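So, here's a batch of structures to check.
What follows is a pair of complexes built around subunit A, which joins subunit B in one and subunit C in the other.
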Partner chain A sequence: MQTSTSWRSFRMAAWLGWLIESNWTDPFLFAIYSIVKPLSGAAILVIMYGIISGGNFNTPLFPYIYLGNAFYIYVGAVMTGVSWAVVDDREHYKTLKYMYIAPIYIPVYLLGRGVARFITGSIAVFITIVAGVLFLKVPLKLAEINWGLFLVTLILGVVMLALLGLLLAGVTLTVARHEGFIGEATAGALYIFSGAVFPLDVLPEWLRPIGYFMPTTYWLELLRRSLVGNVAQAFPTLSNFTNMEILGIMLGLSIFFGVISVQVFRYCDAIARERGLIDHTTNY
Partner chain B sequence: MSNTLAIETQNLGRIYKLRGSKKETRKELIALQDVNLTVQRGELFGLLGPNGAGKTTLIKVLTTLLSPTSGWARVAGADVNREPDLVRPRINMVSGGESSGYGLLTVKENLWMFSQFYGAPSKEANERIEALLEMVGMKDRMHTKSSDLSTGLRQKMNIVRGFLTDPEVLFLDEPTLGLDVGASRDVRKFIIEWLKADRERTLLLTTHYMVEADELCDRVAIINKGKVLACDTPTALKQRLQKDVTFEIETSPLNGLTLPMMESQPEVKKAALTDIEDGARWKLSLVEESALARVFNLFAQKDIKVMNLNKRQPTLEDVFVDLVGRSMAEEESNEST
Partner chain C sequence: MNPRNAKFISREGEINLAVQSKYSRKDIGWRLFLKTIIARAYPRLIGQQREVSWLVFDVVMPMLGVIAYVLVYRALNAPEEYIGFVVMGGAMTAFWMNVLWSMSSQLYWEKEQGNLALYIMAPNSMMAILLGMALGGMLATAMRAVAVTLLGSFMFGVTYEVTSYLQLLSVFMLAMVALYGLGMMMASAFLLFGREAWHMANLAQDPLFLASGFYFPIKTLPFCVAAGASIIPLTLGMDAMRQLVFPSGFKFGFLNVQLEILLLAILSVVFVATAKVLLAYVEKIAVREGRITESRR
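For the complex of A and B:
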């Protein structure tokens, strides 16, 4: 694989993705949307939490939920950002076949298309967290943040999510019909099994192994620990593990899923060429 | 490089598995069968056939979008199925009759982006884009969002995208479909100029317009139901039919000469008669050209004046009818039932 080919695939895809993502006739509306959407999502969660806990926001559970939910924005954004490009290019712009015959690397191109959603997702995460600190007393103190751990975890996690997105893109490629919801559905399922808004211990015992197998579980845990260390460590699920151990597990699982994703994508790509699905439109 | 063929296929076949309703047993559709073609570098090669003949399928296989189910194909020296990465930098493709492109980008941005995917230096690409848009008469639309273009202009933009990357082999699938007469002519002119500018350039186009194939192509393959029925220069294809000589003759009023009388002449194989203002129009198939003298004699006997005489050349349509036994239009209406 030549780096120049990869780089131009990625760079141009990111450029295109950004233009599509920010294609709002009114930048003001775009800004409002980017702020309001994540905040309203968080607000629903806060209200539900308030009702269930009887208004007790001072337990460690609250930041657990709040931060888990905030970072979970990345899961939907990055995964669907990558996989949705297949549907978008094939059905909507009818350009997928032209991308395919161009001398680029399609997987790298698709990863590039996810960059824009990563950027808008980052803004949403940031705003959500700031709102939590300002208005809801999420106990986050700049001086106590483990920046090193936070950045390493964040970057590794985003790469992992992008690769999972590639897996979904492959599946999307082989499905002839308009199946844009694959990304959303997967993101939804992972929400339950990754301990995003409740610790895994809440799940029935036989379902927990799924959560332990998901790199997202460790990713969210590490993000919480790096931001609000001692508060996060209060939860029993992974409390026996040190940060480094969790990072190791996450890295291992990420590599595992990354390799699987690339293989699945290659396989699906071959199937799509065999069945003639690369330029298949449903004209629904 | 120059000694390799631009396109070469060997017993190329493609079968689609059709999945209808669940109860229905799986059916197979043979879209291509034993296609053997060679296209030299520098050629303008045409695929001519009715709807559903397999033209697009062949283009998809040759452009690495679809795997063949049997046989093989090489484009610009590399196997399309096993070495797509070697084929792709050397080719490009445009399908007509569809409006693809990123509507929210301007014409220039759309084109520039594709040039970048092919690794062209940005400045050079911009110059080429301007030159090409100028040639298709779209320079004033350079900064228009492509969603604001009419279908025909979008197609022109798409055609420019194909030429922009200066491919060794360019595939055009029905490039003039849906374009008006003027635009079609521009595109045809452009195609010819592009090929003239570099003798190594090769272009394969599909069409179901006979005239387009005839006018443009160095060689034409006539394809129907997935099979190549004939492949030659348009002239050679038509010469196969030269046995019959057909004339169209306009005469003054008939003075009692009737169609049966004409048909009863031994040299006349087929005759047709239509009334026109102030006279009649004959369409006569004669055994040989010299038989025309007898026909003129007959007119003279009845004191009929010949106003207009046309020797009708066989067209590719006639060649198609000769090969398939039906016209392309009949073949298409049959396909859809």
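For the complex of A and C:
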């Protein structure tokens, strides 16, 4: 694999992905489309919280829920952004076979296809957080943010999610049916097991180890800690760990899942080629 | 005559016989209308049950949402009624998803796959096709909704106390007729969409979960918002059903149940009638502008 080939694959895939995602309508409608959906999800949680707490948004649980939900947008966007490219190219545009015979590097191409959703996801995360700060008193002060920790965690997490997306893309290659559900089901399950909108202690005890094994659990915890500091540490789940310890665990799990993802993709890719699944359309 | 020809003639004879007998009868009028409804409902009802894996996904996906929202309420130490509200909301999402993806977008999918032109060329009513889609979708989705309700109730120990079965049945049936009437209306509009159809259906998912109070009582929203959201039949339907099946549900009611039944009846008539008018109009535009066979990928 040449570096130039990888870069070209990534760059062109990112541009192609952006055009596919955005050029179906005018920029205004696209902006509304990109923002309304995540804001609605956040608003459901805000209303649920508001009803039960009687409108008291000053407890530590509120920023825990709100920020966890906001950053979780990345999980769906990046992970399914990568894996959905297989469905889109194979079933919808019927171009995946051409991509395979083109002088590009397929895993990098798929990662590039996730960039567009990363961008729209970033906009949605930003707007959700700004709305929380402006209207719901999320205690986020720019001067108190641990920017170094935040940026390192964010970048590491996005890479980790993209690699998980590659794993799903590999599985998607070998599946003729339900490929569209794979990303959604995985993102939905991670939503529960990552403690995105409730501390892991709320889960039954026998299910908690699944959450402890997910890198997204540590990723969300670190993002909260870097943004709202002690407020995020009010919950017992990971309170015994320092930021560096959590970063270390997250890095270790990210490397572990990254290696697994690449291996799974290679394996599934080989199976898909062998069984003639690259241009397999089902209209399912 | 060589044996090959004899075979052919024999086959042709059989075909002729077939044409002269039961297949030659042409159904017209209401009989054709009814048969079209049944024919279009068949793949929805029977075909979907043959694909058991669909059932798994259709139950698992809403359940993931239900579990997450129930655990949020648990983390907030919410009263137990709210757990029941979430389970009911989660079950009803199946209907909204079905209306959105398998009613509204259906004519768009059919266009993409090249079936729409065949539907229009065939000597049957498009309205009957939409009604068949609605009937089949409603019954098939009801099974999924029941599965979600049973599973959610079992997992989280939700109990029900129905105050009036008659009212409950009326609310549910009227909500379904109005909802699928809305779906038929939207199907007409989606006929004009190209690639936007997928995005529009996607866009209508989460905001509706918010506005219709799928996971919380609609009464907690400002009156004008709740009233506006009542144009979606599930808003009033769920509000009435929550009042009828939970012991303290009436405390969370937006309007009284009788009024909600009346409003749902009005919505049913309005949506189905509008769907008929809109379908004829949009079909005419689509034919005139050549959008029936257009497939803008």
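In the analysis below, the second predicted complex is superposed on the first by the 280 of 284 C-alpha atoms of A that agree within 3 Å, B and C clash if a C-alpha of one lies under 4 Å from a C-alpha of the other, contacts with A are read in each partner's own complex, and residues count from 1 in each chain.
One rule holds in what follows: a contact is a pair of C-beta atoms (placed from the backbone, for glycine too) under 8 Å apart; a residue touches a chain by one contact, two chains touch by 3 or more.
Because the structure is predicted, anything quoted here is derived from the model rather than measured.
K.L.:
So, A:Tyr33: does it touch subunit B (first), subunit C (second), both, or neither?
P.N.:
Second partner only.
K.L.:
Touch check for A:Arg266: first (subunit B), second (subunit C), both, or neither?
P.N.:
After superposition on chain A, A:Arg266 lies in contact with neither partner.
K.L.:
Under the stated touch criterion, which partner chain does A:Lys137 make contact with: subunit B (first), subunit C (second), both, or neither?
P.N.:
Touch partners of A:Lys137: none, neither subunit B nor subunit C.
K.L.:
So, does A:Pro103 touch the first partner subunit B, the second partner subunit C, both, or neither?
P.N.:
A:Pro103 sits against subunit B, while subunit C stays out of touch.
K.L.:
Examine A:Arg8 and indicate which partner it touches, taking first as subunit B and second as subunit C; both and neither are also allowed.
P.N.:
A:Arg8 contacts subunit B only, not subunit C.
K.L.:
With the two complexes superposed on chain A, say which partner A:Tyr93 touches: subunit B (first), subunit C (second), both, or neither.
P.N.:
both
K.L.:
Please tell me which partner, subunit B or subunit C, touches more residues of subunit A.
P.N.:
Result: the larger residue contact count on subunit A belongs to C.
K.L.:
First (subunit B), second (subunit C), both or neither: which does A:Leu16 touch?
P.N.:
So A:Leu16 only meets subunit B here.
K.L.:
Per the definitions at the top, what is the overlap between the subunit A residues touching subunit B and those touching subunit C?
P.N.:
Dual-contact residues (subunit A): 93.
K.L.:
Name, in rising order, each residue of subunit A that touches subunit C in their complex.
P.N.:
Residue positions touching the partner: 24-25, 33, 36-38, 40-41, 43-45, 47-53, 61, 65, 92-93, 177-178, 181, 184-185, 188-189, 191-192, 196-199, 202-203, 283.
K.L.:
Residue numbers of subunit A touching subunit B in their complex, please.
P.N.:
For this pair, the touching residues of subunit A are 4-5, 8-9, 11-12, 15-16, 19-20, 23, 93-95, 97-104, 270, 273-276, 278-279.
K.L.:
Can you tell me which positions in subunit C touch subunit A when the two form their complex?
P.N.:
53, 57, 60-61, 64-65, 67-69, 71-78, 82, 113, 194-196, 199, 202-203, 205-207, 209-210, 214-217, 220-221, 297
K.L.:
Note which residues of subunit B are touching subunit A in the complex, please.
P.N.:
Touching subunit A: residues 16-17, 57, 60, 63-67, 85, 88-89, 91-93, 95, 98-105, 109, 113-114, 116-119, 161 of subunit B.
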